[in-house]
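Below are the structure tokens for one structure; questions will follow.
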Amino acid sequence: MELRKNYFADVRKDDLNEIGQPRPRSDSPGHVTGKTAFFADRNFPGILHLKMVRSPHHHARIRSIDTSEAEKHPGVVKILTAKDVPHNVYTILILIQVGPEDETVLADGKVRWKGEAVVAVLAETERAAQEAAAKVKVDYEVLPAVFDMEEALKPGAPLVNEYHGQNYYLYDSGECRKVRFGDVEAGFAGADHILEESYQSSPIEHAPTETTGCVVAPEGNDRFTCYTNTQAMFFTLDNTSIILQMPGSKLHFVGGTVGGGFGGKVDVIVEPIAILGAKLTGRPVCFIYSREEEMQISSPRAAEKVVIKDGVMKDGRIVARKVTGYTDAGAYSRHSPYGAQKGAGHYPGPYTIPNVWIDTYCVYTNRTPSSAMRGFGVTIGDFALEVQMDKLARLIGMDPLEFRFINAYRDGDMKAHRQPTEGAALIECMQEASRAANWPVAEKYMAMSSYVKGA
Amino acid sequence: MAKVPVQFTLNGSEKAEFIDSGTTLLQALRDKIGDTSPKGGCHQGTCGACSVIIDGELRLSCLTLAETCDGAVISTTSGLSESGVLHPLQRAFLDTFATQCGFCTPGMIMAAKVLLDHTPNPSRDEVVEALSGNICRCTGYEPIIQAVLTAARANSQNAA
Amino acid sequence: MALALQTFATVKDANAALKAQGTRYLGGGTLVVRAANEGDVSVSGLIRSTEPSLSTIAVAGGKARVGASVTMAAIAGHPELGTLAKAARAVGGPAIRNMATVGGNLFAPAPYGDFAVALLALDATVGTDGGETPIETFLANRDGSRAVVTSVSFTLPKADSFRFLKVSRVKPKGVSVLSIAGALELSSDGTVTSARIALGCMADRPMRARAAEKALIGRKLTADGIAPALAAAGDGTSPITDPIASAWYRAEVLPVHLGRLLLA
Amino acid sequence: MAIRRGRGVAAINYPTGMNLGGDPTQALVHSTPTGNFMVTLSSVDLGQGMKQIMAQICAETIGVPTDRVVVDTADTDTGPHCMGTFASRGTHRAGNAVIQAAREARQVMLEVAAEELEVNASDLETDGQGNILVKGAPQKSISIFDVALSAHFKRGRSISGRGMFLIPRSYPEKETGAMKPSTCYAHACTVAEVEVDDETGEVTVVTVKNVFEIGRALNPKMVEQQLVGGSWMGISHALYETTEPYYPNRDHGGTDFNQYLMPGPGDLAETEIIVLERPSADGPYGAKGPGEMCANPQIPAVANAVFDAVGVRIDTLPITPERILRALKAQAAN
């Protein structure tokens, strides 16, 4: 890695003692000696193992659940169903007033995705829990499922989530988050070329080497210590408090040393049910996702579809951009309504465009609920935007890098969401990339600056 | 359920345990003996975080039944540093900033140790091959490869 | 039923124990222990045998007998099995190769089982206490096979007559898009006189590419010479679709990779 | 068969922190009797190095070496609230809270030192090595060790401070979408060079040159870790990863690290990382959040390079050999 100190030297102090110094990491000696304590390295005598009975169907009504055989299985200590969960219908962003509550901790009457948790089995050994889970009988009436976002948005599509009443999230702005800036139709009308293209992704897993999980130990005083690899301690504690209808003062979360997160450990999934198990049995409980659960049950990055329509001039100026983004939330909201909205704030990308129209939708389908991941709401949008930029440049016969200089935002430029640009550095990144990659651009672009002229 | 006796040498000390038949070596090490340096990243044999050295060979402790290790000599990362002095591999992982979350690190170090035990001056390709059964999601592998090459150089300088 | 392991000194006793319901033979553990870890509760009894012959490699008179418990690493490192080293190294990473056995590889479902592909091209025989079975027959019937596999035997190929290729997305260790093994004999002028080609991932288990084999006889290993074989490579295949690749993709690139292997 | 080469570029920006704000983080700082400093948080270290960076920020602000600072984090019985480690917010939000807490603690420390040295606190400065000096008269000094002892056992002062950082929540206007997502953006530009096998559709990323502007590299080696790993993940997203390879069909989802594809150690592109620093107005020592955006620009850069190499556009992620081969066959058919 090279630090190029020549850029922005006038606005930076480089004489600090500790900041800017490559100090060794204080946690690394623990890592290389195997002494760092991850949550699963806590072991307690008499610990129970929690295994989940999951839906084999994408969408089904639950006619009945019979746990009688499983309860008799040797080693089984407790079996939990929806009725055992005090506040079974929840949504994690309720803490920041993003509702409605739309997800069940344990399925109640219906499953909406293949892999949804239905019954929790707590047993003396992992094997006993697995064996008992195989004995739980759930009678399902399979319902039609919808997997494609466009199908889901059509009238008459199977309704994925009754708590929403339609297969999209209803924002205060309506069926999508909107950004309106300038007059996009006028922009298209005056453009030399129009290019409308569609981009698509499929779900992506965080795949941390350490799977999601927690170990819960009763403290003996009606408090519970939960060793967890959550990415957000109080977010998890406060949601657990709601789900279990338990004062937060009864909950003690210990974490902060996590074997990779990448956004995959911000859902509140394992802790509430494990703490409930510990509360009802009085025993320590561990609930650790198997690798298969981490891959297919834990929330992935949402699949997205992004449609971009641009009006561009022969001289390289983009004069109008319309973006329609669709985020595949799967069966439940989790963080997806926020991610779709984040996309609306991000488009049209780091470019100054006078006429912008953005609609971002959060769509429900019968698949594993998606949630946050590194680059949440932006990563797939950037793929779409930057491939579109390449196509536009080629359309007008311009060098793709030079084309970006023409449109790059600079300090003071008004963004589509009506905030002036501050602290821009796109131009300088491109100038340095031009040098590093030996991709020459015209001298006038190398002379540009992100600073406001004359400021 | 009948318990099965198993005895082996772990990092130079004798261990004798009664375990449930069918217990994996990973479970025995972590839950019975208390050596939590091998990590359970997949229990499928696909991530390498549980790697240990058994009788000089790299093995996955998640797929090895403990009772098949009777009489074996087992090494784990927790036994690598002697009297608080880091092994050259551990030192190199620190110096090259080759750890991020640290979850894959003990397994990576085991895989690297077996390589250097047999091939003190490995090529880059040999390092890549040696680490190929171990997943890292944070680093992009390059710093880990550099750590192993650095340790090999340090070893050869010490030997010289 | 909790999982329990029983160890027997002889294959005979292990075979007797395998008659009990819910039992399965434990080789290197890469398939069986994994299944147990993942919650397959159908198996509660693991059976293994420590009979020494299971772990020996015997090479004599141009023939090899490899015990079923011999690991991929042992094959890859054996001085007289050098022609097979590439195929043995195609299995897993170093730790898996120290565990995965020849016997186990015969049961590995596609996209696994790359070494069995090599054995199929060598026309190996699979030994049990009941005798020797041609590998092709063995693979066809493996789902119902209960007897402990004790060995595989094959005629050692000449160094230049055996070729192996594994195509994977992830390097150096990834599971197969497909694998190809070829045992070819050429006359002094380079004409193919005999050919056995085995394919991995082109069905649920390793299979022979008989049409391609036939099309090679009497031809030379040139672009023109192998063209009929490449055209016939997909005959009779039903490639798997899995997270690695679709059946369509496997079928499309099979002739490409077969061509590269034959011309290499 | 032909191996065809191409290159592509992409440029991006990325907001720091929850993009509509409303995501507070608190920190507490106190000294021990011998002048070591404890930072108490509930922030989570995912492996990116939160603990180390908070120690360096506290050390810089107090004026002691980093090894005099201990970070105790993520115990809800002791650590004050943090919204969490996500949205590239850890360093920015928690760092600001630590600075505020450390400044308050530093002020008490200087006041105690001033009493000991019989000068005004405003006349004092720290040397970064653990000493407090009188400005312009450095021979008149006292060690922080002695100041802490004095505060604890002689003067009854708590050398401690509280920090809280909150960017107020912004609510988007319904019709126009006017909102204040972030004032602090990181930037990047990536050029990727690929080779495409036009008979199999296989892509090899030969080189990737990344330029990142991240505000301030608080610890350059740790920044490098994150950027190198992020660049790898970006390439991985571009070419390999998905839990649903046949989306929207739900079949054949991978369940292990063999089936869930990511580049192995034998697939690494020659990777170059260049860092620019334009300090942000509201970041701790100018830092922005580089953790997420560093994995974004490689994806379109690789996509554009594939087009440059073989002339087909793959607008669906991941850009698999199969998608490329299908497109090449369609191209040939036309």
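Here the chain labels run A, B, C and D in written order, and each chain numbers its own residues starting at 1.
The rule is simple: a contact is a pair of C-beta atoms (placed from the backbone, for glycine too) under 8 Å apart; a residue touches a chain by one contact, two chains touch by 3 or more.
Worth saying up front: this structure is predicted, and the values here are computed from it rather than measured.
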{"item": "Labels of chains that are neighbours to subunit A and to subunit C", "value": "B, D"}
{"item": "Closest chain to the centre of mass proxy, which here is the mean CA position", "value": "A"}
{"item": "Pair exhibiting more inter-chain C-beta contacts, A-D or A-B", "value": "A-D"}
{"item": "Between subunit D and subunit A, distance of the C-alpha-averaged centres to the nearest whole Å", "value": "17"}
{"item": "Distance from the mean Cα position of subunit B to that of subunit A, given in whole angstrom", "value": "33"}
{"item": "Averaged-CA centre spacing for the pair subunit C and subunit B, given as whole angstrom", "value": "29"}
{"item": "Inter-chain centre distance, subunit C versus subunit D - centres from mean C-alpha coordinates, in Å", "value": "47"}
{"item": "Shared-contact residues (touching 2 or more other chains) in subunit D", "value": "46-47, 49, 221-222, 224, 228, 230, 233, 245, 253-254, 256-260, 262, 264-266"}
{"item": "Interface hub residues of subunit A, defined as touching at least two other chains", "value": "25, 27, 125, 127, 207, 258-260, 262, 290-292"}
{"item": "Multi-partner residues of subunit B (at least 2 other chains)", "value": "20, 22, 42-44, 46-47, 97, 100-103, 128-129, 132, 135, 137-138"}
{"item": "Graph class of chain-chain contacts, one of line, ring, star, complete, other", "value": "complete"}
{"item": "Complex contact set, residues of subunit C against subunit A", "value": "1-3, 36, 38-39, 41"}
{"item": "For the subunit B and subunit D complex, residues of the former touching the latter", "value": "42, 44, 46-47, 97, 100-103, 125, 127-129, 131-132, 135, 137-145"}
{"item": "Residues on subunit B engaged by subunit C in the complex (per definition of touch)", "value": "1, 4, 20-22, 24, 43-45, 48, 51, 57-60, 62-65, 67-68, 111, 114-115, 128-130, 132-134"}
{"item": "Contact set on subunit C toward subunit D in their complex", "value": "167, 169-175, 241-246, 248-249, 252-253, 256-257, 260"}
{"item": "For the subunit D and subunit C complex, residues of the former touching the latter", "value": "1, 199-200, 240, 245-246, 252-254, 258-267, 321-322, 325"}
